[in-house]
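Here the chain labels run A, B, C, D and E in written order, and each chain numbers its own residues starting at 1.
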Amino acid sequence: MKFGTGIGIVISLVGIAMGATMEGTNVMVVLNVPAILIVLVGTLGASIAACGLAANIRLPKLFIKALMPDELDLVARVEELVGYAERARRDGLLALDEAVKEIQDPFTKKGVQLVVDGTDPDLVAAVLDAENEAMRKRHTAARDPFMQAGALAPTMGIIGTVFGLVNVMNNLNNPSSLGPLIAAAFLATLMGVGSANVVFLPMANRLKELSEEEMHFREMTLEGILAIQAGDNPRVIAEKLMAYVPPSERPSEEEQAARAAAQKQAA
Amino acid sequence: MKFGTGIGIVISLVGIAMGATMEGTNVMVVLNVPAILIVLVGTLGASIAACGLAANIRLPKLFIKALMPDELDLVARVEELVGYAERARRDGLLALDEAVKEIQDPFTKKGVQLVVDGTDPDLVAAVLDAENEAMRKRHTAARDPFMQAGALAPTMGIIGTVFGLVNVMNNLNNPSSLGPLIAAAFLATLMGVGSANVVFLPMANRLKELSEEEMHFREMTLEGILAIQAGDNPRVIAEKLMAYVPPSERPSEEEQAARAAAQKQAA
Amino acid sequence: MKFGTGIGIVISLVGIAMGATMEGTNVMVVLNVPAILIVLVGTLGASIAACGLAANIRLPKLFIKALMPDELDLVARVEELVGYAERARRDGLLALDEAVKEIQDPFTKKGVQLVVDGTDPDLVAAVLDAENEAMRKRHTAARDPFMQAGALAPTMGIIGTVFGLVNVMNNLNNPSSLGPLIAAAFLATLMGVGSANVVFLPMANRLKELSEEEMHFREMTLEGILAIQAGDNPRVIAEKLMAYVPPSERPSEEEQAARAAAQKQAA
Amino acid sequence: MKFGTGIGIVISLVGIAMGATMEGTNVMVVLNVPAILIVLVGTLGASIAACGLAANIRLPKLFIKALMPDELDLVARVEELVGYAERARRDGLLALDEAVKEIQDPFTKKGVQLVVDGTDPDLVAAVLDAENEAMRKRHTAARDPFMQAGALAPTMGIIGTVFGLVNVMNNLNNPSSLGPLIAAAFLATLMGVGSANVVFLPMANRLKELSEEEMHFREMTLEGILAIQAGDNPRVIAEKLMAYVPPSERPSEEEQAARAAAQKQAA
Amino acid sequence: MKFGTGIGIVISLVGIAMGATMEGTNVMVVLNVPAILIVLVGTLGASIAACGLAANIRLPKLFIKALMPDELDLVARVEELVGYAERARRDGLLALDEAVKEIQDPFTKKGVQLVVDGTDPDLVAAVLDAENEAMRKRHTAARDPFMQAGALAPTMGIIGTVFGLVNVMNNLNNPSSLGPLIAAAFLATLMGVGSANVVFLPMANRLKELSEEEMHFREMTLEGILAIQAGDNPRVIAEKLMAYVPPSERPSEEEQAARAAAQKQAA
């Protein structure tokens, strides 16, 4: 389900190309070098001016992240945390020291480590909150070039088209060339509006949603770690954390019982 | 009263179609295949890119929900909660154990169950708040494709029209075909602006309002459950919860007395 | 001063009509049936789709409310509350029981009644806050159709004009009819932009301001009721509540003294 | 430095007029009566409809306030407050009773008076906060007509231009009159966009900034008054309040020493 | 990496110029005196009207700041603060008195000085928070002229173009001059849209990001100073402050050990 961004861009481009072809236009005219220079290079430059070089160098990585985002399995994380809670209840918080080494996710690892170290609960919350807040700021800064490009590309398209029309106006005494010149001027608008609405803005929105999902995931994790430290009943922790899971993905009661049994056996 | 969305879309389309027909246009020209491909397929693709595949697959379900929303009866919920409060006052909180089984609404059920289980009040509030917050996030994510489509469709319309005009400009030496070609180019704008303003944006707004109504409903329920747990006087609970009901829907004092009597008899 | 909305709309329409007439246009052409159908019926339908039927049925009532809003006399309310505070100080909170019956404003009445009933101060604040918050939500929902119409009407105008231009383009071989047809197409834009900017958006803004004034009025009342319950000195209450009154409307010290004397005599 | 608004409007008008003259246009054509009626009267009417009559009657006063704003001397206020703090430390809070009479600024006066009267610190903060909050709401309401006008004037310009074009379209059979008629139609757009961007929007922004400066000034004053009441060390108060002063305006250490010496002598 | 803004503007201008040249336009025509007067002088005047003279006089300084921003080294600051924490732990808070003199950054210096002076922790936090809040307000006010210019320049461009078209319309009887006149009219649009999108808006965004980075830097510093005052374990402080550093810039464990050893030796 997560591969949607790439599929969506392809669907959108195919729809537009088919429609334009049926109208009688050769869609390949869009690959017009002046339009590409004005719109894409102009937008890239303005985006570098707006967000700095570093943020723009990270763009290819973000493209890939938006196309192939990490899967965040809320239910698995709940079960993982409930598992630690059970072990902590049975054998004490220090028993988690061993578990820490196997934890994959750095955020969970840092949290459980702090708990094992006997850090004050308020401080655990403060450190993990600061991690989350800093991640939120990093994500916002990281997707800013896409948002800038989404806003800038159409106006770069207008610049390209107006430049083209200035050219047209200076050739009014050569009427036979007017049509193709005006058509060429419009290509910059197409490139600008198209790149913004099919690529940049959807990408920025997708990255925003992925960031919110990750924040949600981490908030649940933080809640779970604090509950483990407070020594809450694992059943209550499970109840609390399940509130973060969409009802449609929550395991049914039978599934829960089955998993609990399996887990007990494994432990 | 809740069926407004479907009726509204029909009224809007009829008004536009009648006006356009009187102006002399055959409105059926709008059903233009290239325009539909560029605007609707282009928008769908960009919406998938922006919000993921899963959110777009849920769209038909949301359409139906916006057209036929659940009725949320605030007064009935107040009376239900006051009824539990009375029973809890008379027979103790544990007496609600039996009532829990009959509760239809999952949120109320979860809340009352937590109360019956003797969960700490702060924890009850935290779990139910987390449920509400997670629901609010789910609703926001769910209506995002409509908001994206509302913003994207007009620009897809512009793309379609500009493609059409590019075609026109390359046919300037065939003047007799210009009129119909320009007219066809405009159809994409009509499709884009029309679908956004008659369908996508109203739909997104309607879903937002429905979500706010449900949040309001749940906040009232949460307030009531916490008051029951605190052992508040049922009359005071009724007063408190009535503040959530619009004055025009509040039962008059006679009605309240009659219902109270009826309820007593039933109990 | 409050009748401004009606006067403003008339001034705006007269200014536009006079200017257009001087330009040589017969302003009556605006009353064009296709334009009215597309813009006004189209907008009404989309607004019903966006906000539900019930909210649109309340529109005439809101029109009248915006044209003839209730006067909210902050100074009179301060004096009323200070009067209750004095009576409560002199004869105890229960002495207000009699006063409650004469209170006109339902919000003040509910508040003072709760105080007389000996309700816990936190609960009084919670109930009255919930009332205010629910009122704010109702007001926001109620003016939403005006905001939707303000956003939708210009785009409906564009739809009408583009439909007209499609018609024009299909009649290019009949040049003499082009001028009037294009002129007719523009009427929808005029109707859309005009209705939005002269009626819908000002109306929505006016209703927002009136709602904020009422919230301000109620916040002051709530503050006063809680101060009465807390047994604050009436002079301090007056000082505190006067902060809510614009300096230009605050009574001078002589006026205050005169009123206080008059009030004492009356009491 | 504060006279910027008037200077700015003049610079902007001169720049536009010079540019337009060089292009060959007689800028006086802008003073076109129909355009003025449609744009300025239309906008004024809609602004009255949106904000009420009273807010629009206050506009000339606000114009003057934006052109010639009060100077707010943060450093002088800090010194004034530190002076009171020293007196209060030396001779007790009651010693400020005499100082109150000489305080010019009503807000400071009210605050110090409350302190001298022995009002509870929380109540002092509450009353002064309510004053500030009410002022903020008044300022927002007061500049709303400028913001409305900034948003409405360009659309009124479009209305005027479209009316003009309707007129043009009905005169297509008189080609020699077309040029001047179209030119006249454009004047409404010029008037609308120009008045919004050179006058209304800059004015609204300037008033917003002046309001924020005054809020900042008052927050510092409030902080100082509460610190005086708390009996804080005057040196610490000075340190705390200096944080509100931009570093570039803070007196150097020598200046501070000199002033302190001068003040001591004067006291 | 920080020199991005200048590079970005150059890339954008080169891209646009190359594209326009390939389209056949001489890009130098953009340097059109009327367009520059209307757009740049008109925008400057309106920006002075909107933000005051002082804010506009600071613009060249801000240009330079955006082009060559200070480097903020989070890791170095963490190490500096951890160093103070270690010294304070070893020799007491007063031992920092000597360190204060060597601190370069005025904010850190003020904070540590307050700590050394034995100021109450709440007051230290309040003073430093007030400094940060005042800086945030100053930054927002300082970049406002760029944001205003970004919004105003395109509309000034429209004013210039419409003025040009008015001129064109009054010269319709001289067809051979029409083309160049229309072309000249378009130059104002190019200047307005170009300056806004290549310079003003990217500049405003860059300054916003730099301000946020500085706020982040200062929040971390404030957190560190308060932790030093509270006598927290230096290792815990390091852990806490590292949360503010992006994971990619955090020193690896070996680096940390090496640095710690080096620091010990130096101390």
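Quick note on the criterion: a contact is a pair of C-beta atoms (placed from the backbone, for glycine too) under 8 Å apart; a residue touches a chain by one contact, two chains touch by 3 or more.
Source: prediction; values computed, not measured.
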{"item": "Chain-contact steps, minimal, separating subunit D from subunit B", "value": "2"}
{"item": "Distance from the mean Cα position of subunit E to that of subunit D, given in whole angstrom", "value": "25"}
{"item": "Centroid distance [mean C-alpha coordinates] between subunit E and subunit C, Å", "value": "41"}
{"item": "Chain contact topology (line, ring, star, complete or other)", "value": "ring"}
{"item": "In the complex with subunit E, residue positions of subunit A that touch it", "value": "33-54, 56, 106, 114, 119, 123, 126-128, 130-131, 134, 137-138, 141, 144, 148, 151-152, 155-156, 158-160, 162-167, 169-173, 184-185, 188"}
{"item": "Residue numbers on subunit E that touch subunit A, as the complex places them", "value": "1-16, 18-20, 22-25, 27, 29, 154, 176, 178-180, 182-183, 186-187, 189-190, 193-194, 196-199, 201-203, 205-206, 209, 212, 216, 223, 236, 239-240, 243-247"}
